[in-house]
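These are the structures, in structure tokens.
In the two complexes that follow, subunit A is the common piece, with subunit B as its partner first and subunit C second.
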Partner chain A sequence: MSVLRPMDKLPDLNRATVLLVGTQDALLQKLAESMLQEQCASELRVHLANSLPLPSNVNRPRIDLIVFVINLHSQYSLRNVEECLSHVDSSFFLGKVCFLATGAGRESHCSVHQNTVIKLAHTYRSPLLFCDLEVESFRVTMAQRLVRMLQICAGHVPGISAVNLLSLLRRSDSPPSKEL
Partner chain B sequence: MDPYDSQVSTSRRRTSNLKDYFVGATPLQKRLESVRRQSSFFPSPPRRKIPQCTQLQEEIDPRKVAFLLHKQWTVYSLTPLYKFSYSNFKEYSRLLSAFIAAERQKGLAVEVGEDFNIKVIFSTLVGVRGTQRDPEAFLVQILSKSQSSREHGEGRVLWTGWFCCVFGESLLETVSEDFTCLPLFLANGAESNTSLIGGWFQKTFDCCFSPLAISAFNLSWMAAMWTACKMDHYMATTEFFWSVPCSPQSLDISYAIHPEDAKALWDSVHKTPGEVTQEEVDLFMDCLYSHFHRHFKIHLSATRLVRVSTSVASAHTDGKIKILCHKYLIGVLAYMTELAIFQIE
Partner chain C sequence: MKKTIMDVLENQQKLDPDITGDMEVIDTEEELIKQCEEMWKDMEECQNKLSLIGTETLTNSNAQLSLLITQVKCLTAELDHWKKRTPEITPMTEDVLVTLGKEEFQQLKCNLEMVVSTIQSKNEKLKEDLEREQQWLDEQQQILESLNVLHSDLKNQVVTFSESRIFNELKAKMLSIKEFKEKLLCTLGEFLDDHFPLPDGTTKKKKKNTQESNAQLVTLNEIIEMLINRMFDVPHDPYVKISDSFWPPYIELLLRYGIALRHPEDPTRIRLEAFHQ
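On to the complex of A and B.
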């Protein structure tokens, strides 16, 4: 199982699973903790990974949302995410992938230009969120938002699907995609 | 001029005025236009020119250039100066020296024009600009007049600062006539003096200084552009400093390369003549990273670039630069001006 597919497993009852991918364990850990502290009607599962593909010998539930965490202070984290993207099935990009860029607050530390990640997110037609995960209050807000997205992606919110959400999150000023 | 010609020129002017009216003629509207342009989808300029010698540069007084080179300057961005005039330099030096004296002896009254122990000199730096439209750069020096130096005629330099604008068109076109745009300010001397003198400029010309931090992203651009410069002989090795973000103590990695090797590497990744593109910068840095990884198994791309020094110039992320090569002075200043304008906007 080298490529992750969104629909190759049956969903578990009332369970929503998110996969956080990024090179910085400490930040991912903190974000995961904040997400688990959120009040939520669904049963949350948070999986962390440094990179993809995931090992195939483990039994894991269906993944409803993948969050790629890019640290703008490290070119390495961007390269890593770019490599991981090739191990994700294209149907995931129908609303079940999002990019999270952290570290934009400290401009002088940035090695990755914001436009590079904007371009990346645009190429994969997926939403891009900016958040300084080092700051606790920002992280809590972001966790709240991700949990809400996860519930939608898992199909636990009646009346709205992942694709619906994707079209709502599209940047208003982005040029219409030509290839579609 | 014959009447036919003049007629053509007036009619042309009228149409251009009309165009201005629709596009947005007032500085405020132009400002808004430029901000809109910047916040549009992918604003970053993907390519820049490799620094070249310019015509104007030949006007520069070599004695003054020598004075600017080989010194460490702290860089600031500066908003346009209101009602600044190049013809009032005498007056400004009188006022500024009185201001400094007054600040030094807080509470005691001073009279403007009195003889203090310090001397302030304003002078223009002829030729330190990119185009004829850029305002002239100028230099401010604070000299101390001690007993011994009075005999020699020259005082000891306490503080130096200079203001310049090199290829600052994007800012110039959006500012009204009462303002002088010199977005880049460089200071050498005690920090307390910088803030004191900065304070005087802020009050007198209604402008605002802010320290210019150079991000790791911009440092890698500098590394590439300065490596790309053709040199007759290299004065210094090309050197990079990376800071490893690990607690509790940070670790620094220095990486020195023979300048000719760096140039050879650059030539192998460089395709478009005379220009530097983002892809080339990324590729150049990636080559350095992979070379380092092969020998030391450390991903430099996960660390932060904090200093770049080449034979052309050196820059630190704190906003300190040192220019070494007289030939590329204008080129280095052009990029710094671009960063300063970006920070102001």
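On to the complex of A and C.
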């Protein structure tokens, strides 16, 4: 099946799976390691992918959260993510997708404007997180945050659902109106 | 769609407390397992229903609107669900409750122990800090005290220094110098008296009769005194006229040893050699 759907499989017991999508393998790897080092009651699974669709012949668990990692230094990474989005079922966007923009710290290297990413996240009604994944302390904090989100998305936190979290995470300010 | 999502949500939330509810007691355990299996069946049903729903992908143009609509649907569904839901508790059997309570207490105990130990260590650290600070304060106070003492001492010293002390010291010095001078004068006088007495005796009487008839002779001491006084009283003309009262051998002595000098033009006048210059 070429389109990823959130509920296409039954959940595994106490297991939460995250899919990190991005063009930079090394960064994804580091982020995944940081996430796995987090203390967490659930059993974490981290899958990495350069792009979607995922190969269909592999048996993989239900995916609870997709993190699209966009490197602001490369136009290619943005285009790749945009292409990937067409392989994601719309019900994923009910809180189980988030965008992670990295590299905003070194503005001189940026070839993708922040507003472009903000617009993208706004279009897909999904949270956008900024984090310089090259810096270890930032990466650890981000990993912690993602693990929390993942637990909620996997339904391991009683009383709060992914949609619920999404409505909490929404940016309070209205998005830049000029491009609407 | 609303219905299925609701079901799924319900199932997920039901499932949660029971995942951890691994009961020890057998009969309650069986009951729980039965419950779980029922839930699992429910979930499978929902899963089947969900898989029947077709996929829907988004494009940039339609994404916002359709997502907003589904979000509203979901949120209202969730709201309905929360409104209807009566909180379902784990079976009220004694064993379960006891076990759960035990677990809860154990957890609480662990947490509290941690709190206690951290607070104790913090207290100790604070105590140490306090001690160190106290010590520091004491030291500072000691320093302050000693400095104060030093300060007041110095103050007193300065006061006496400026007024009475210097005065007294100078006075004392002057006194001692005066004494010394007195002593010097005495010893010099004695020395002169002892070694250069006035001529009186039978041997000298013959000369006296012939040369110095009636003049009263003065001592060497007096001659020197006269010369000194003249020199200091009238520095521009320190010459003294040789009178009859000067015993000529003494004058000769003074001249010969370079103590006195004769006036270059007037041989009757002598002066003291200028030792002080």
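Just so it is clear, the second predicted complex is superposed on the first by the 174 of 180 C-alpha atoms of A that agree within 3 Å, B and C clash if a C-alpha of one lies under 4 Å from a C-alpha of the other, contacts with A are read in each partner's own complex, and residues count from 1 in each chain.
Just so it is clear, a contact is a pair of C-beta atoms (placed from the backbone, for glycine too) under 8 Å apart; a residue touches a chain by one contact, two chains touch by 3 or more.
These numbers were taken from a predicted model, which means no experiment stands behind them.
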Subunit A as common anchor, with subunit B and subunit C clashing or fitting: fit
Partner chain in contact with A:I63 - subunit B first, subunit C second, else both or neither: neither
Partner chain(s) touched by A:S86 [first = subunit B, second = subunit C, both, neither]: second
Partner chain in contact with A:H113 - subunit B first, subunit C second, else both or neither: first
Which superposed partner A:S74 touches (first subunit B, second subunit C, both, neither): first
Per-residue contact with subunit A, leading partner among subunit C and subunit B: C
Touching partner for A:L54 - first (subunit B), second (subunit C), both, neither: neither
First, second, both or neither for A:L27, with subunit B first and subunit C second: neither
Superposition-derived minimum Cα distance between subunit C and subunit B (Å): 15
Overlap of the subunit B and subunit C footprints on subunit A, listed as residue numbers: none
Residues of subunit A defined as touching subunit B within the complex: 23, 73-77, 79, 107-113, 115, 118-119, 173-175
Subunit C-facing residues of subunit A, complex: 1, 3, 5, 7-11, 13-14, 82, 85-91, 93-94, 122-125, 155-156, 158-159, 161, 163-164, 166-167
Footprint of subunit A on subunit B - complex, ascending: 40-44, 213-217, 220, 245, 285, 289, 299, 301-305, 317
Complex contacts: residues of subunit C adjacent to subunit A: 8-9, 12-13, 15-17, 19, 43-44, 47, 50-51, 55-60, 63-64, 66-68, 70-71, 74-75, 78
